[in-house]
Amino acid sequence: MNVMNTQQAISELIALGKWIGAKGWVPATGGNFSIRADDCFVVTASGFDKGALNNKCFLNVNSAGDILNGNGKPSAETALHLALYELSLDTHCVLHTHSVAATVLSRYIKGDVFSVSGYEMQKSLTGYTSHQDTLSIAIFDNDQDMNRLAQTVRDYFSNQSHKLQHGILIRGHGLYAFGQNPAQTKQHLEGLEFLFACELERIKLEAAL
Amino acid sequence: MNVMNTQQAISELIALGKWIGAKGWVPATGGNFSIRADDCFVVTASGFDKGALNNKCFLNVNSAGDILNGNGKPSAETALHLALYELSLDTHCVLHTHSVAATVLSRYIKGDVFSVSGYEMQKSLTGYTSHQDTLSIAIFDNDQDMNRLAQTVRDYFSNQSHKLQHGILIRGHGLYAFGQNPAQTKQHLEGLEFLFACELERIKLEAAL
Amino acid sequence: MNVMNTQQAISELIALGKWIGAKGWVPATGGNFSIRADDCFVVTASGFDKGALNNKCFLNVNSAGDILNGNGKPSAETALHLALYELSLDTHCVLHTHSVAATVLSRYIKGDVFSVSGYEMQKSLTGYTSHQDTLSIAIFDNDQDMNRLAQTVRDYFSNQSHKLQHGILIRGHGLYAFGQNPAQTKQHLEGLEFLFACELERIKLEAAL
Amino acid sequence: MNVMNTQQAISELIALGKWIGAKGWVPATGGNFSIRADDCFVVTASGFDKGALNNKCFLNVNSAGDILNGNGKPSAETALHLALYELSLDTHCVLHTHSVAATVLSRYIKGDVFSVSGYEMQKSLTGYTSHQDTLSIAIFDNDQDMNRLAQTVRDYFSNQSHKLQHGILIRGHGLYAFGQNPAQTKQHLEGLEFLFACELERIKLEAAL
């Protein structure tokens, strides 16, 4: 991974935000994005339309969440982004989105994991090579105490049998997709959202049997 | 709130209309918008595509609904806009839209309120800080006598336990979103429409259990 | 109605086609449009993408369907357009579209009419002033013999109790919307498609009760 | 069929990809396209967004799949494209897409064929002239061994009662549409996707009876 400087990171997130906004996955100023840059984490400031970001919508924070510089205030969810970066040095980008499918499926599924198999699209997720494997995405209950939620995520992945990859779902809230670079993270986001959209339809169809 | 002059209000509503039209929430010349300006209420004239408004599509009316100037005739629903402005001096913008989700859910729900909890997106509505709270939007039966419907809405909110905020639904008709300024009103509209879209899917999924 | 000349009619249909194509209602070169011009009927030629029409995609025909001039061959459904024009001198535009909702609902409904009440959007259809009225759109079984289908439509509306207005559905095929001018026809199309989309969702929701 | 040279083939596939990408049918770098050119097969390289292709995203291969020139590596599914070209000299273009509807329906249907009748849109598929006919598209189980899957497809169509036309579905994977030229292949793709979208809704509606 070619580590980015701050301005490169901002440019990447503006472009990703435009693409994500057109998909309808960051409604009502929801969602937040970040990149691990060469000397800080670049995070979106709270309150902006993430589909129409500009240079003034970003802050730099350190790994403790302290603001190094930038405008406005960081999203409350910054703690969760930082936990994901702390859990793996390979994680260089986090995209948090609110799609209808991710929001509704994470409520519909009562257990703690979204699991699918049988989809070719699983191969869009790094490391998957067959539709016959089972792809699992952990679901965490939503919590307005973001530090506590970040700790819950840390604790969960401290269990070595829980593999930190692709993304996590927060129930009734949305998806955090992540990856080794912005392009891979976008691919994880798009692949997972496709699978969520398929499952939404598949569950309704199966009820029609 | 920095009160707008008439021309600023018109510019805001043209921009909002373009965004709303692209969402598909004002089909077939449906919907109507207004802003409380410095010396009048700016309202959309009837019969125009609200997604493609121009300077000639607006009228100025006073609080009694009398036309002060402008082209065409005000929407029949102007009485309802004025009732919402009368009920709270904090209301500076009203956006009335017709989405499939708002139309269908307001018919599906037999009671007088749309209620949700468990959604992070509830926090897009001013005053909400947790997904654990319950968000309620009053539903009124549709009525072609708009003065009578406006009075029903006034009477309902004269009950102090009924909090006037974010929006109201008219059954089989659509949403009236409102707020302290155009940006907040847009946010309420977008947040509520996301929740309607989620509930539409959630109800169908639950039937599949 | 200000009767158009041929070139005005073509310009109107190109613009309407662009708008309709963006809605996804004329897939796979489906659909066809026409206008009653001052001295002929302007109809779309077969085989073109109706969302990307140009001056070369039209023919002029007389009331018997004879080609007066133009390129290509008229749509097989021209006979049905002409029947609608013959049935009412007030009809000046016909827009035939293929939406998923119109196609599926016209199959789901086993009877010969699509009926709704309770929707404010019914008022987008000329002559309707209340959501409490019942709006009815006749459904005809599809027939590859377009002359026979045109005659079936003529016979149906020769019954004075069957009011020729807004549109007709052909089962598993799509909608023919019509009106006194292109703008009104577009409004009928958009209003009816909104109602079809609502009913599609409403029926699925009701099953969830 | 006017056989294309390599550069014409590339231009056609770039334009088709842009159109297909806008439909949402090639998410997460999924899908792949090819054309039988005058002296080779032009295929998309793996790993690119098929909605934003450029001249550098293509390879030329021979009928055995050997790379003649070009950048990157050919899609793993090239073997399946080549099998379709081998099965019929009339096939000049193959478009492989991943829509939600094709993916989900091909899983929902337990048998080996997607069959519909009663849709006018069946006539968008070459050779169909009536909604009363039955349109059938073979469904093959997905297989990560593409040579084996290609052989399965070859074996299936070596049975003369199995007509090779329009497209095939791979279960949980997507559609391969094909035709005698790019325009016809696009029409088959669009017509089939419309039918998949209709069946998705029809099945859910029927459950509501």
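As written, the chain order gives the labels A, B, C and D, with residue 1 at the start of each chain.
By our rule, a residue touches a chain if its C-beta (ideal position, glycine included) is under 8 Å from a C-beta of that chain, and two chains touch if they have at least 3 such contacts.
Predicted model, so just to flag it, every value in this text is computed and none were measured.
J.: What shortest step count links subunit B and subunit C in the network of chain contacts?
T.: The least step count works out to 1.
J.: Determine whether subunit A and subunit D, two copies of the same sequence, contact each other through the same residue numbers or different ones, counting it as same when over half of the numbers at the interface appear on both sides.
T.: Copies use mostly different positions to touch.
J.: Could you give the separation in Å between the centres of subunit B and subunit D, each centre being the mean of its C-alpha atoms?
T.: Each chain reduced to its C-alpha mean, subunit B and subunit D end up 45 Å apart.
J.: Please report how many Å separate the Cα centroid of subunit A from that of subunit B, as a whole number.
T.: 32
J.: Would you pick out the residues of subunit C that each touch at least 2 other chains?
T.: Where subunit C meets two or more other chains at a single residue, that happens at 204, 206-207.
J.: With chains as vertices joined when they touch, what's the shape: line, ring, star, complete or other?
T.: Contact pattern: a closed ring, each chain touching exactly two others.
J.: Within the complex, which stretch of subunit B touches subunit A?
T.: Per the touch definition, subunit B meets subunit A at residues 118-121, 124, 129-132, 187, 190-191, 193-194, 197-198, 201-202, 204-208.
J.: Which residues of subunit C touch subunit D in their complex?
T.: Residue positions touching the partner: 27-30, 98, 100-101, 103-105, 107-108, 142, 144, 170-174, 200, 203-204, 206-207.
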